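The following pair of complexes shares a single chain, chain A, combined with chain B in the former and chain C in the latter.
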Partner chain A sequence: MAQTKTTSSPPPRGVKNAVGRLFASVPLLGFLFGFLACVLVEMAVGDRLANLLGLSKIPVLFGIVTIFKAIAGLVNTIFKGAAFDPGTLFHIPMALVYFGIVYLAPVVIVARLTSRLTNNLADALQQTSILFSALVHLALLYAIFHFWGGMNDYRLIVLKLTLVAVLLTLSLNIINGYMGEFSCSHPGFMAIGAYMSSLFTVGFFIDDKVLGAAKFSFSLAYLSFPLALVFGGLMASFGALLIAIPSFKTRGDYLAIISLAFLFIIKSFFENVQALGGARGISGQPDWATLPVIFTVVVIGIWAINNFVNSTMGKALNAVRDEESAAEAMTINTRKTKMAAFMFAAFWAGMAGGLLAHVLRYINPAMFGIQKLAEVLAMVYFGGLNSVVGSIVGAVSISLLSEALRPLEILKWIVIPLLLILVMIYRPTGLIAFREFNIRRILQPRRPDGKEV
Partner chain B sequence: MTLLQVDHMTHFFSGLRAVHDFNLAIEPGEIRGLIGPNGAGKTTIFNLITGIYTPTEGKVFLNDENLLGLYPHKIASKGIGRTFQDLRLWRHMTVLEHVKMARYSQLTYGLWGAFLGTARRRREEAESENRAMELLSLLGVDHLADQLVVNLPYGAQRRVEMARALAIEPKILFLDEPTVGMTPEELVQIMAIIRKIHQKFGLAIFLIEHRLKFVMDLCEQIQCLVFGEVIAEGSPDDIQNNPQVIEAYLGKDAIEA
Partner chain C sequence: MSFTFLMQNLVNALQWGSFYALIALGYSMVYSILMLFNFAHGDIFMVGAYIGLGVATLLLALVGTGAAAMLPGWMVLVLTILISMFLTAFVGLIVERVGYRPLREAPRASAAITGLMIGIILETSNIIFMGGQRVKFPQLIESVTYNIGGVFVTNKKIMIVLVSLALMLGLHLFVTRSKWGMAMRAMAFDYVVVPLVGVPLNTIAAMTFAIGSALAAAAGILFGLAYPVLDPFMGVSLGWKAFVAAILGGRGSIMGACIAGFMLGFIEIMTVPAIQIVNRLFQLNLGSNLRDLIAYSIVLMILIFRPHGLFGEPYSAKLRL
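Right after this comes the complex of A and B.
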């Protein structure tokens, strides 16, 4: 591996270049194999290795939680005088070693060594249809998620919530990124989706003290779950008309305030309607939001949203954002465009809300307030406006960060905003903004010299 | 048959009379000029015809079809293309995307096609791309197709805007001061381009211009607008020698001297 660094001239300097060159000839398929190897290694030897390294159990999120737990212990000792166990400090290097052995090494070795094989495979897949190729990649990705999440319940729920966050962030990016309006109503759409899908599932199939006894009971009831989700999404879509119609005449700050008002109306509606549980909300949702269901819905969501924003109909959003009068003069139906954007975004936010309700199996109006708004806005702006990849990156990184920093307790709400401020200063539109998501290019094989085919 | 007809159009901006009793009849394939000093109401007339404002009084017809009260995008898709004096391009879009975007009203795949990526959508988008590339090469900017418009020099941006206006397949093209801020060489080029597209598509052109020489060279008929009123109308020669026009442009002293 050291050889690849020195053979060609001039040798680029810096760690980033070296890593880039090391993996230049590895296609996406290679990385998926690498991650699959990690997960299998962890399943096989994770417990024993953790014991050997003096860790009480497998580090849940790549060891980050373990590290921050040790740091938080130290902080608490300094500020609160709590008892300190010096042994926990020892966990920091051990967690890093664990990460190196279980994650870093298998990815590097497998991805690098199989690059010839995976390139040939990717080449062969490219000869078939793009759909088939994408499905193969997705199946591998799902296998990784399945094994990784299967090792620990906490992991599984973090994974599920992260996937839901991806869908939610992407749907908000349609309005805030692609159309350039600042919409604050997204938790409201989510609430409508969560409540309506719960109404469907709990109301029909579950004995509940708020919504009454089950109306139907048959063993295949879970097959109706997609219907419940779509119902929630459609209801959120109708709710979005309340914002879409004012948006014909109002833009910018004023529309932001209208959307904020919408959020408060929705929230107090659900707080005050006792038939929907009032402030206590609805609980006891059936456990239907399994990993495969969520994964499928999120993949379909990303696919549909990506289709939309890459079509001329979808790019009309950009035209409306950048210069509305020119859009009108170039035959673009701006009203239809705005309405489509709001309703489509709200539909997917409603779907995400429905999924969230069935992951947590409990909802109340307080979950869909300003805090949620801040969270999803942070994901959109951190990841990058006007970009599907950006939304995925933003949602995943903020979700994982906020889980990983949980041991820091109150300090977490200083660290994450600080990060956000830094991103806004150095990349004002987010990490990966204004970039198209080209599936064909992502999946294609890489030649050994690192050039794209 | 008259292509574009405007009868007795008057417009007030909350008490201020911007246009008074404006009449216009443009035949298919004609190049018509509209001149006048700053603030005379020339761009207002464009905005009134294209539906951005609704005239206080008067009527507008395209091929005997009433345009009053229609949304601007409807009017545009009936066959009125336009450019803007201040180049209203979409800053995050490429040159090709601009021209494809203007073919919005010709797309029939609808929102479901957009969400689901149907075969019909792929076919229509490909066809639209071909047409867009043809227009770009006609205007000599096809090599810039993948560039963001904000990165282009001014003259190229003007051409992109013109290609965009042509992409809606107009019957009449409104050009709002197409030569503003141009060098003499660019001026000659843009004149040739206007002649070329006029010939190729058999378009009627309605032109607002400041540079008298440019209008005199291109147009068959010219109207001169001052304070919202047409003070003179006729061939370039008539306009050039009309004392009222000279007075409006150069001041009263110019005639007496």
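Right after this comes the complex of A and C.
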């Protein structure tokens, strides 16, 4: 009976379904190989191809920036009468062609053609441990990041900031998504992490005007960087404890306001302590936050947070969010659960702050204000509450969007909020909310008929 | 440190408190009806100040050309306040319609996000239309300084405090004496059951936003009179502080918002002389920019010992995030 059913129904039509059928038998490994192929193609022929297409350089950020730049130039010409170079309009189709040749074609071709090979490989990997399989995938992903980001400094910094944003968003999602409270103090935790880790690295190993001469100096000092990050995270976590003790006595919006006051206090504190640079902040952090370091920390962070939210405690946290009195009746110690989750989230926010300080290599208190709060909240709610994948999607899309829309200048701050309002109206909990993150399902091979094994 | 110095600071505190209280009222009223924080409110205050600037400029131009009767300065001021309150009420209505009404059924935090985003849009539009420069607010009345026993009081300060007190009294009368006010209070009591007996939730919510925005516009104009330089981000710091005041007063309590607004102004102004005293007593050199740190620490202390604010009711079962 099942057979007659499959033969009688024609394959569904439409571009989306056609694309779906094309890639139905491609496992994640295949896509990773495809992206690796793109990056290698770009490394090999990118410059020459861009020249051939009449572009002055490799299109920035997959050509999106190039296209928006041309549009912004046209808009400026129409409304402000600025001088117009018709050549920039020509860049739009050329950037699209470049995108097609360098990115789209290799992914489609390599992913599709190697699907038999990659499926066998994925099968073989599945026979080994899940940890090994995940590590192989991560190594491939890192290789893609490494070659893509290695091509110019701009890409590298965008990549680094995006990775830091992922960690930050995930940590806020623990509080706002999984716990269902509204915390405003995340920039404060970041600030603590950033300042404390800078205190550690700059204070101990660097000659600095504010923090004094180097106390130690040896060539392997960068090995202490994880220690500095963890120190920053722990201090942020301690700050969270100070909020958590009074906040979780009562229910309601109490945390929102206490954490807001905490944010103001932390910002004002760092502005006033001259020993920490005052309003000018600390600069000259050592360049230890390299791509592999950030990648490793963020992967460990995602792994830890994913395990946390799927643990008994994470489930207890969800129960507390949905119905506190019922959770209490099920012998959950609600206050302790909430405090632990809050401190855990603050720890990772502190880590992210430490990374940020060493990516930008300067910090000042003004960076950790209301604007930062709006940015992180936007990432969490855009991506989706209560979902690890959602947070990753939200952080990556908002980060890349705000880079891609840079040519629009000030209009960017109309477009992004409008987009977020639309998302809130049509999907109030975000794009990918309440979705579980199942590593086994993602890594498994796909059968040619597209059915899961 | 004399008595007159203390009184002088008290006068300043009253003035700052009026701004905070008027803005805090908007937060508090919206919260009492919808259980939502309207994070765009600080920027509505900014828009109100700019609308006031436009109205005042227009009125002054009319007076100058003789198209209107030769109005005295205070009449222009009153007209400016009334017209701007009326116009800014529409901004509040739009914010409610676009950002809050579609999200009535959504988690409350989502509506807070739309509010935050509308705030950013308002700031950005201001930068686009006004060029992002600071603009000067026209001085509608002559500044006269009275010397009362060594305390210097300008007529503007007196006027600011009196106008804001009058607006608060008006709001109080509206809420307690009118039919609409009664509907608002009923809605604040329970917004699930009250619509069932025929009180339209959407109308009441829109009205709350309109009244709150009108009060914010009044605060904006008064602020423009006292500190005649407007910039697009003036609503951020003042708005968030007023939000703190609204919470301090007790969520949804109108009287609480007023008193906490004045209290926050008082705390902020008074920390500066307090720091000076501490410096003199202990031979320290603390800067007066510790103001925020100390003020918010005090607020935090109050909230730790009175979690529901000064006049708020303890958390009830219907408060759910």
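Simple rule for what comes next: the second predicted complex is superposed on the first by the 442 of 453 C-alpha atoms of A that agree within 3 Å, B and C clash if a C-alpha of one lies under 4 Å from a C-alpha of the other, contacts with A are read in each partner's own complex, and residues count from 1 in each chain.
The working rule: a contact is a pair of C-beta atoms (placed from the backbone, for glycine too) under 8 Å apart; a residue touches a chain by one contact, two chains touch by 3 or more.
It should be emphasised that the depicted structure is a prediction, and the values quoted were computed from it without experimental measurement.
Trainee: When the two structures are superposed on chain A, do chain B and chain C clash or fit side by side?
Mentor: fit
Trainee: Using the superposition on chain A described above, determine whether A:Pro226 touches chain B (first), chain C (second), both, or neither.
Mentor: A:Pro226: touches no partner chain.
Trainee: One more residue to check, A:Gly284. First (chain B), second (chain C), both or neither?
Mentor: Once the two structures are laid over each other on A, A:Gly284 reaches no partner at all.
Trainee: Looking at A:Phe434, would you say it contacts chain B, chain C, both, or neither? Reply first, second, both or neither.
Mentor: A:Phe434 sits against chain B, while chain C stays out of touch.
Trainee: After the superposition on A, what does A:Ile258 contact: first (chain B), second (chain C), both or neither?
Mentor: second
Trainee: Calculate the angle at chain A, using C-alpha centres, between the directions toward chain B and chain C; round to the nearest 10 degrees.
Mentor: Superposed on A, the angle at chain A reads 70 degrees.
Trainee: Regarding the shared-chain residue A:Gly150, is it in contact with chain B (first), chain C (second), both, or neither?
Mentor: A:Gly150 sits against neither chain B nor chain C.
Trainee: With the two complexes superposed on chain A, say which partner A:Phe308 touches: chain B (first), chain C (second), both, or neither.
Mentor: In the superposition, A:Phe308 contacts chain B only.
Trainee: Looking only at chain A, is it chain B or chain C that touches more of its residues?
Mentor: Tallying touched residues of chain A, the top partner is C.
Trainee: Rounded to whole Å, what minimum CA distance do you find between chain B and chain C in the overlaid structures?
Mentor: 13
Trainee: For chain A, give the residues common to its interface with chain B and its interface with chain C.
Mentor: The answer is that chain A has no such residue.
Trainee: Can you list the chain B residues touching chain A in their complex?
Mentor: Residue positions touching the partner: 50, 52, 71-73, 76-77, 82, 84, 88-93, 97, 100-105, 107, 109-111, 113-117, 121, 125, 128, 164-165, 167-168.
Trainee: Going by the contact rule set out above, which residues of chain A touch chain C in the complex?
Mentor: 176, 180-182, 246, 249-254, 256-258, 260-262, 264-265, 267-269, 271-272, 370, 374, 377-378, 381, 385, 410-411, 413-414, 417-418, 420-421, 424-425, 428-429
Trainee: Any idea which chain A residues touch chain B in the complex?
Mentor: Answer in residue numbers: 304, 307-308, 311-316, 318-319, 321-323, 325-335, 340, 344, 386, 434.
Trainee: So in the complex, which bits of chain C are touching chain A?
Mentor: Within the complex, chain C contacts chain A at residues 37, 98-99, 102-103, 105-107, 109-114, 116-118, 120-121, 123-125, 127-128, 132, 236, 240, 243-244, 247, 251, 287, 289-290, 292-293, 296-297, 299-300, 303-304, 307-308, 315, 319, 321.
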